[in-house]
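The same subunit A turns up in both complexes below, where it pairs with subunit B and then with subunit C.
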Partner chain A sequence: MHKEVLFEMMRTLVAIFISLIIAFIIIFFVSTQPTEALSKFLIGPFSKIRYFSNVIEMSIPLIFNGLAISVMFQANQFNVGAEGAFFMGAVAATIVGITMNLPVGVHSIFAIICGGLLGGFLLFIPAILKTKWNANELVSSLMLNYILYYLGIFIINYYLRDVNAGYMVSYKLNSSALIPKLIPGTRLHYGVLFAVAMIVIIYYFMYRTKWGYAIRMTGLNEKFAEYSGIRVNFVILYAQIIGGIIAGMGGAIELLGMYTRFEWQKLPGYGWDGVIVAILARNNPVLVPLAAFFLSYLRIGADLMARMTDVPSEVVSVIQALVIMLVAAESFMAKWRHKMVIKQAKEEISMANGGNSR
Partner chain B sequence: MRELLKMHNITKIYPNGIVANKKVNFSVNEGEIHALVGENGAGKTTLMKILFGLERPEEGSIYINGSKVNITSPIVAIKNGIGMVHQHFMLVPSLTVAENIILGIEPQKNGFIDFRKAIEITEKLSEKYNLKVDPKAMVRDLPVGMKQKVEILKALLRGAKILILDEPTAVLTPQETTELFNELFHLKNNGHTIIFISHKLREVKQISDRITIMRHGKNVGVFNTSDVTEQDISRLMVGRDVILKIEKTKSKPGNVVLYVKDLNHINEWGKTVLKNVSFSVRSGEILGIAGVEGNGQRELVEIITGLRKLDKGELILNGKVINDFSIRERRELGISHVPEDRMVYGVAADGSIAENLISDRFEKKEFNRRILMDMKKVTNLSNQLIKEFRIQSNSPKQKVRMLSGGNIQKVVVAREFSSEPKLLIANQPTRGIDVGATELIHRRIIELRDKGVAVLLVSADLNEVMELSDSLIVMFGGEIVAYFEDVSYVTEEELGAYMLGLKKQSLEEIRRVLYA
Partner chain C sequence: MKILEIIFSTSFGYAILRVTTPILFAALGAIISDRAGVINIALEGTMLMAALWGVIVSAFTHSAWLGLLAAVISGILMSVILAYFSLNLKTNVVLAGIALNLFASGGTIFILYLVAHDKGISSSLKSEVLPQLTLPLVDKIPVIGPIFSGHNILTYIALLAVFLVYILLYKTPLGLRIRAVGENPDAADSVGIGVNKTRYIALILSGLLASFGGAYMSMGYVSWFSTNMTAGRGFIALAAEAMGKGTPLGTFLSSLLFGFAGALANNLQSLRIPSEFVQMIPYIVTIIGLVIYSSSQASKPRKFKEE
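Take a look at the complex of A and B:
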């Protein structure tokens, strides 16, 4: 079993390595200053504290969405509604932040809770459609994202829009609602601690509680779960509600930590990134921060490269796509794995033979 | 006799690490019936799958008529004159016999399939080989023995000179088996070569010219059939003398635990699969259900265990009507279930052994503290069950997928037997597993019976159902057609006649199985 894990990690690293190589080749073709571009891309995020802090900041929403998607994927539910839940979580936080007056700290936490509850309620929709009418959750959550996007924009535009701002944003949030910065001079905020706490909570939830166990068994083999007496429909429901709660909280934290008012004019895309993170992390909560950090690092690196050299940041999309394809391709390096299996089996045979001759 | 086929030094290792064949040599002469025998899991089927191009070996080579061939797919195998009739038939149920036979090599007329020609081809073929089938019948309406004939014809039409039959008699009644053997002799006289996979020694003695015996993935001997006795073969197969008899005392039946009353069921394709099925199972007895597969046994088990919705009738467990009870509620009332297909229902193959052992009880207080589960107790229970049921594994954390079939079944059985059941439903409890595991499972079932558990045993293995059961019902066409209060007075031939629907007891005789 240990070898299996090791092999999967190896496989991911090889996939990353290959896609980086291909990205480098592309950079060499399109750029007049390839070495400069490469160094910005690879080392840029480490060159200043501010840049590195950017990497961590961006990891936070990726962690929340990665966790949300992981929980749902572990139940074998391909709900991609994290995007919409995340967006609406931010909208909920905006409403709480603007319309209420609460003490510092309490205000943020209340806003985060509201974001989470709203997210949970929203992803309950595709879940109940699935259990009641067997509607494919992938399709309904995908559609739900658009509904939620327009709903959110409508709420902000019609009720909370600051007409004096000159562009389409909400009023400023009460400062009591904002999450304070962790390190002065950077944008890194206390939300990172929430993210870390969430990783620990979700890990324990998935691997140490009966609810997590039921989710995992349902995901591994739904028929087996049903046969064993697990209430599969109930599991499918709550797995997606929990996913929605995590994503919604993530949205609220992102808004309260990084912004002073609601500024998104389109879906920020972190929900989709959550899918990438979950796939890279093999749906394992412990690996989610690593995957989130990796993705975030790529993004910031590419951003620096685009700003300082002639290579557009879209190169990152190429890398991302390649990594995902190679990781998702089950048979990638399957021959190698099979060789490993054969080697081990042969060792066992010779050991057994040795045992007989003794 | 001339050597027609030679497999040399074949080694096959499956992706889960199981070594199915270890440097196997296998040779078949032209025009013989060659039996390939061995326990379940000895590697017979794997070897034949390699020959038919369904699996690629890690090592080894295959020679036909002395020249080396590289069989990369069944298409190549067919080109080389090899045909295979699988254990589970590969037919399209919604097509006719003729359509199945010509599938992939359809006769054409003006760009369309020439159905008349197809029927003609089938009729000619059927006559030539003396394998009588109705070309226009739907395959799904055919009895098992008929389907097998269609499979054989399919292979013959594609020019098979070497015919591999994978446990062809496992699904047949004694009468059908006799018929099949006559057909096989006929084929042999026509110059065909037949490889006959089996672990039924009596049949092997009856039909084969030579025998290759396999054990643990190795070839342990090739003999002329006339030179060896059944005892010799079984000793080589198992590696020791086997006790064919299951030792048990006479049952002492107590109260009725399960009472099934007038069960009727129409399946998802509108076919009536259960007709007025009524019986009772008493504590301390093993009631066997014999019958050719597909005569309603599966649906019956699924309804009792709650996997399938009940249409009409009543299920009464210890005096309580459980018609609408969920699977969980039924389990709480003491129903245990060893499912027919362990990989579909029995386990989560990618879960650990421990995770698979607690799936029916993980919510119980004893395994949970306030929020977190008590992992120590889970591990303790797993270690205890692994020891008690002799599950061969490295640790409770090992993935079930990495275990052999017998050990996977032990995981299922360990869980189901250790939940203190009142009613145990064992559906094909020893299918496809080795003798050691089979013995252990049989012994445990008898132990449970002696503790007063009511056991309902469904098995397609006549030997098992006759040896293990105390009393027996026979199902045919969704009905109970016979009840035998004491199995020891029944012969295999008699049972076969009921299983085929040739005989049927009177309603009064059958109703004796209802104890109030």
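Take a look at the complex of A and C:
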């Protein structure tokens, strides 16, 4: 068991290493200042407190989406609607933030709850289509993302648009709804504490409750779960609702923490990033913050590199794709693992023989 | 009643075929890989890559055909990567497809920036478009002529491809192997069919068809590349294939349905309906179509399928 964990860790590190090397090669080819670009990319985020705080700030939405996707993937549901749920969570928070007047604190929390409920309701849609009519949740949630995008833009554009702003944004939110900054001078906000709390809650839920157990069993083997008395359809439903709630809350927190008004013109893409985080973290809530930090670090590093050198930040997409494919590749380094298993078996045999001879 | 007026005009008929073309190409690609038992989620990214390379190469060579060739090569490369990871390294094919889509989404921006110094649109490149064909005789027929004549050459190739895919799947040894591998890989293996080899071929054909759809997007539908211009068409194609029950004719009809929804969305923008709702139509129709198809499948007794 211990060796297995060690092996998975090694595999992930090797995958990351290979992906980075390929990214470096690309940078060397396209850049006229490759060493400058590389150093900005790799250590740029550590060069200023503000940059490092950027890394933590960006980890927050990644953690929420990573957790959301993890829960759904653990139930073996390829629902990628976290993107739309996250977006609509932010829209819900915008509505609450603009139209209501509540005391400081209560206002933010109410907005976050509304975002979560809306997200949960929305991801209930692909879930119910799956359990009731067996419609593939991957395709339906993909389509749902586009629908939610247009719906969100419609709401902002027709009801909450600040026409004086000059571009398509909502009115400013009431300041009572905004999540205050944790460290003055940075954009790091109290949402990071929500993220930490969410990690603990989801870990507890997945590994210490009957409901979480049912999700994991359903994901491992649906038929076996069914035979052992788990109501699989119900599990599939609530796994996706919970995923939607987490993503929706994440969207609300991102909006209230990082913005003063709704500004997104397109889907922010954090839902897809959630897939990357979940795969890197092996769907384990405890590993989600690590994976989110890694991805966020890459992004901020790449942004700094793009700002100061001639390499566009999208080089990260190469790293991401390779990391996902290698980490998810079952046969990647399988030989190595095979050798390790044999070696261990031999040791055990020789130990047993040694025991007999005495 | 302006809507009916729009729908029953010949220009709307023309628009349906125009909008259907990229979906049909990708959906035909989806058929081949799906029948071989591998879901190609990467169709979306394959189209996007092909759309970009078509524009870049046609701009530098001043030849639309070389652009198309480059688009096809890029599409095949995407499929080979997908095949290598899913078949050789045993990556879950859905995850590998998602990874390739993310790669295409960011990678095309990266390449576009290097080539055109723009992260949004390729307007600084003078790219070519593939020619439009006027069908002799047909274009003289009233109603039929304006609908079927004057399309981009790829639209006709797409219609032709419906037959070609039918012949490939049902009338050739390769098609038989593809279907055998998809229905029961172990049985296919036991009679000496190379499962991985067949799936490689199926994925490559699937990428080839999708790349035609991508090339059409940037060298026919419009004459430029813009970021994420495929806008989910690769995914809509998956739904079209599912609704068409994996048969070429059924998939053609369901692609037409989505083409109809898309054309409607394009045309209704002139009416006083908020454009956001109009733009939702193709995606809503896709979900409804998917549900209708799936529920009709679920009510039938389940076919024996190896888990």
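Here, the second predicted complex is superposed on the first by the 354 of 358 C-alpha atoms of A that agree within 3 Å, B and C clash if a C-alpha of one lies under 4 Å from a C-alpha of the other, contacts with A are read in each partner's own complex, and residues count from 1 in each chain.
Methods note: a contact is a pair of C-beta atoms (placed from the backbone, for glycine too) under 8 Å apart; a residue touches a chain by one contact, two chains touch by 3 or more.
Just so it is clear, the structure is predicted and the values come from calculations on it, not from any experiment.
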Quick one: classify A:337 as touching subunit B (first), subunit C (second), both or neither. first
If you stack the two complexes on chain A, which partner ends up touching A:317: first (subunit B), second (subunit C), both, or neither? second
Does subunit B (first) or subunit C (second) touch A:231, or do both, or does neither? first
With the two structures laid over each other on chain A, which partner does A:217 touch: subunit B (first), subunit C (second), both, or neither? first
Contacts of A:157 with subunit B and subunit C, given as first, second, both or neither: second
After lining up the shared chain so the two structures overlap, which partner does A:174 touch, if you call subunit B first and subunit C second: first, second, both or neither? neither
So, A:345: does it touch subunit B (first), subunit C (second), both, or neither? first
One more residue to check, A:76. First (subunit B), second (subunit C), both or neither? neither
Quick one: subunit B or subunit C, who's touching more of subunit A? C
Once the structures are superposed on A, label A:131 by its partner contacts, choosing first (subunit B), second (subunit C), both or neither. neither
Under the contact definition given at the top, report the residues of subunit A touching subunit B in one complex and subunit C in the other. none
Considering the complex alone, what residue numbers of subunit A touch subunit C? 30, 78, 80, 129, 132-136, 138-140, 142-144, 146-147, 150-151, 153-154, 157-158, 272, 275-276, 279, 312, 314-318, 320-322, 324-326, 328-332
Could you please specify the touching residues of subunit C with respect to subunit A in the complex? 41, 85, 88-92, 94-96, 98-100, 102-103, 105-107, 109-110, 113-114, 119, 231-232, 235-236, 238-239, 242, 274, 276-277, 279-280, 283-284, 286-287, 290-291, 293-295, 297-298
Would you pull the subunit B residues touching subunit A in the complex into a rising list? 13-19, 22, 58, 305, 307, 326-328, 330-332, 337, 339, 344-352, 355, 358-360, 362-363, 367-368, 371-373, 375, 397-399, 402
Taking the touch rule as given, give the residues of subunit A at its contact with subunit B in the complex, in rising order. 1, 4, 204, 208-210, 213-214, 216-217, 220-221, 223-231, 334, 337-338, 341-342, 344-346, 348-349
